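Multiple structures are listed underneath, in structure tokens.
One chain, chain A, appears in both complexes that follow, with chain B as partner in the first and chain C in the second.
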Partner chain A sequence: MTKIELKGVSYLYGGKTPFEKKALNNINACIEEGSITGIIGHTGSGKSTLVQLLNGLLRPTEGQILLDGRDIWEKPKKMRALRFKVGLVFQYPEYQLFEETVKQDIAFGPKNMGLSSDEAERRVMDAAKFCGLGQELMGKSPFELSGGQKRRVAIAGVMAMSPEVLILDEPAAGLDPQGRSDIFGGICEYRRKTGATVIIVSHSMEDIARYCDRVLVMSKGQVWAEGSCDEIFSRADELEAIGLDIPQIARLVRLLKEKGVDLGDKLYTVGDVYRALLPYFTGGDGGAS
Partner chain B sequence: MLRDITLGQYFPGNSVFHRTDPRVKIVLTMLYIVAVFMADSLLSYLIMTAGTILLIAVSRIPLKTVTSGFKTILFIIIFTAVLNIFWTKGENLLFSFGIINVYAEGLIHAGKMVLRLACLLMGTSVLISYTTSPIALTDGLERLLSPLKVIKLPVHEFAMMMTIALRFIPTLIEETDKIMNAQKARGADFTEGNLLQRAKALIPILIPLFVSAFMRAGELATAMECRCYHGGEGRTRMTVLKTKPLDWILLSVFIAYGVGIILL
Partner chain C sequence: MKKFIEIKNLNFSYEGDEGERVPVLHDINLDINKGEFVTILGRNGSGKSTLAKVINMILTPDSGELRIDGKNIAAELTDEELMAVRRRVGMVFQNPDNQLVATIVEEDIAFGPENLGIPSAEIRQRVDDALDTVGMKAFARHSPHQLSGGQKQRIAIAGIIAMLPECIIFDESTAMLDPKGRQEVMDTIEKLNREKGITIIAITHNMEEAVRGDRIVVIDGGRIVKQGTPKDVFAKPYELWELGLAVPQVTELFDMLRCLGADLPESVITEEEGAEKLARLLETK
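Right, the complex of A and B next:
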């Protein structure tokens, strides 16, 4: 079932000044309920604008955005209710922390929803668990935490509103490998428990290949392509032409193929390649070659 | 709402005023302010208004941009007008209601004040804010004030502080926008409730804003030190300001304008 549908969406920044710029131009796309969709595109391709349109922080200059088949701008007064349904985690969300304790900060969203303190408390605990934040952290000041922990607190702050659609803009940017996998682990956990639709904006093709089942490629304010990881990453040369790339490991597989070692197709993550290589080491039937 | 601040809002272009030496522009602005405050007779007001309109036309800044600054001082304008209407005593009583007496002189005076404020706002913002990049402005200011170094005034440091402050206005606005959006995404509401509730709603914006501003300041200081910044002593400029014939022409035009207003 389609969760979000974009119909001819365009967005213009700074209208009628010398700084005018068309950020998005006639976007048409569908996002399936329960999927994890990755949005890729090089800097300035309109990814961040697109996600802000999805939860109504920006209003499209032209076109419609439908959530469950209804235009999100049908009742502009109800915009807050929409934001509880479509949770958006910005880039570097740790800069939005402000409360005295981690717990209070995560509870900011649920409190704005007008939930009872019991219910808010329960949501906070659930969200903290998804993001791997232990009880001992809840009473600390968010400013004492490490960068990765702060990031997880900020993400938990949005998860605590139990959004049906969770959008994350570069959730793992600037984190170490451990921090990255903690964040993505939390996101996957949230989706598994709630069945939410997830949209991830990322520059890391590795992360996209590993976690997403659909990919939306943006270029110059337009949707350049949409499809499964396989459909997108098989067009490596075209991706390079628009300033993108395929996962490193997939590049290796391609090079090996050119040299005469064919490991097979659809290998985009280290795990895939590991399994494809295993027969060569265990002396089995020689795998795909 | 944050976009209404005109200070430091450079509007790129290539008009006469864009090309004028910033030092000259600062002098022109002072001349202009003096002229506007000296206007007294009806004729001088006419010249003042005509001059301001000419100024805007020559600068080729869209009228909408020029007038957008009004929102910020609307309250002051209305306040001035009301004060003048009700408190000016004169001879021609228009109407009276209880203790409130409105005289024709009051109305005229209020009109003059509003006109003066409007000209002041539009003229100075066209001369300084819209047509001068912040860097050029502080550069000009530093050069203009450099004689004060003799009396040990840290002119360079002031100019540097101003440059940095102006430079970070857009950054802070952007940052505020970002934080506001992030909190809005968590359901924060900045437009509803009474004054106390609204003031409270600002906390989730102000705290992150201050935290990042202090962090940024620290980083900037370190970055400047890494590039061996040590104040103004012995520092040379990449672009040395030189006055052109155009600057002198403009200066004479403005002097004529000022003298005209004062004499008439």
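Right, the complex of A and C next:
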């Protein structure tokens, strides 16, 4: 089922001024309920503008954004309710932490939703669990935590509102490899437990290939392509031409093909390639050696 | 080879909220040669950036010795001498938007040399050379905000080169860039190292970038815990995972194949090398 549909969406910055710039031009796309969609694109391709439109922070200059089949701008006064349904985690969200304790910070969203304190408490605990934040951290000041922990507190704050659609703009930027996998682990766990639709903006092709079902490629304010990881990463040369890339492991597969070794298609993660190579190293039939 | 940076038994702590000392760097010993390209890896909070700031002389160590080209920084230097040493080590940060100050690209690059009181004819020359080095000559009269992330970062680098440093520290300078921008910046860094002989210290979380240097230094808990060539450091992936780090995807794959008994004595760190070895290995299958 389609969760979000964009119909002919355009967005103009600085309209009717000499600085007018069309950030998005006639975007048409559908996002399936329960999917994890990765949005990739070069700097300035319109990714961040797009996610702000989905959350109702920006209003399309033209076109419509439908959530569950209804135009999100149908009743602009109901925008607050929309933002509880569509949670947006900005880039470097840890700069938005402000409360005295981790728990209070995560609870800020649910409290503003007018939930009972029991319900808010339950949501805070669930969100903390998704993000791997232990009980011992709850009473601490968010400012005592490490960069990776702060980031997870900020993401938990949005998860605690139980959004049906969780959007994250570069959730792992600047984190070490362990921090990255903690963040993505938390996001996958949230999706698995709640069935939410997830949208992730990232510059890491490795992370997109590993965690996303669908990929939306933006270029120069337009949707350049939309499809599964297979469909998108099979167009390596074209991706490179628009400033993007494919995962390193997929580049290895491509180089091998040029040397006459064809391991097959749809190999975009280390696990994929390992499985494709297994028969060669375990007796030739892919079975036990 | 001549040493450019020498660090002996260096300790650094910062002041906590209640005035207590919070130790960050413990007993660091590290030499970096002139013209070397060193990558520093370490999890968030390991002390990498602090070390970079100590080398850049933004932070003063509590104890130990820091020598830049033989000059002891901790010793009594006059302000003027200290300024002269500082000029020899430049630094490029993560966010390009925080590093550009002027509204025109060439004016931005001129900002550094202007503050050094260099005659204007020479500034002109330095700006042109710097733009040429980073491949941004065509953008000299553009406004920085019209540029892509990678282009902005190259302008920030040009601003540093215009001060003619002998060493440049890159503190996660590619972290916010798209794949093309990353590539542009990494190519620029390599060019500065190879063609201009500039000593490079690059801090990164990207393991594919780390293989491009001569040596990797791994920091954890404020201590140097590992160092060597990229091949050596990535030889045992699990040791890096334990430090919150990772290895390039090809390295991981080859490690898994080795566990299957494949004849791969050495670690593989680039996809070109991997394709070659694998093609040869599969031929015999």
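Definition applied: the second predicted complex is superposed on the first by the 283 of 289 C-alpha atoms of A that agree within 3 Å, B and C clash if a C-alpha of one lies under 4 Å from a C-alpha of the other, contacts with A are read in each partner's own complex, and residues count from 1 in each chain.
Operating definition for what follows: a contact is a pair of C-beta atoms (placed from the backbone, for glycine too) under 8 Å apart; a residue touches a chain by one contact, two chains touch by 3 or more.
Here the structure is a predicted model, which is why all the values come from computation and not from measurement.
Once chain A of one complex is fitted onto chain A of the other, the partner contacts of A:N28 are absent, as it touches neither chain B nor chain C. Look at A:Q96: by the touch rule set out above, it reaches chain B but stays clear of chain C.
Of the two partner chains, chain C is the only one that A:H203 touches; chain B does not reach it.
Residue contacts after overlaying the shared chain place A:N55 against chain B, while chain C stays out of touching range. When the shared chain is aligned, chain C comes close enough to touch A:Y274, but chain B does not.
By the touch criterion defined above, A:Q135 lies against neither chain B nor chain C after alignment on the C-alpha atoms of chain A. In the superposition on chain A, A:V261 makes contact with chain C only, not with chain B.
With both structures placed on the common chain, the touch criterion links A:S146 to chain C but leaves chain B unconnected. In the superposed model, more residues of chain A are touched by C than by the other of chain B and chain C. In the superposed model, A:M161 makes contact with chain B only, not with chain C.
On the side of chain A, the complex with chain C involves touching residues 41-44, 146-148, 173-180, 203, 205-206, 243-245, 247-249, 251-252, 255-256, 258-261, 270, 273-274, 277-278, 280-282, 284. Of all residues in chain B, only 11-13, 62, 64-65, 178-179, 181-189, 203-204, 207-208, 211-212 touch chain A in the complex they form. Interface residues of chain A facing chain B in the complex, by the touch rule stated above, are 16-18, 52, 55, 57, 80, 83-84, 87-90, 93, 95-98, 108-109, 112-113, 143, 157-158, 161. If you check the complex, the residues on chain C that touch chain A are 42-45, 94, 148-150, 172, 175-183, 205, 207-208, 241, 244-246, 248-250, 252-253, 256-257, 260-262, 271-272, 274-276, 278-279, 282, 285.
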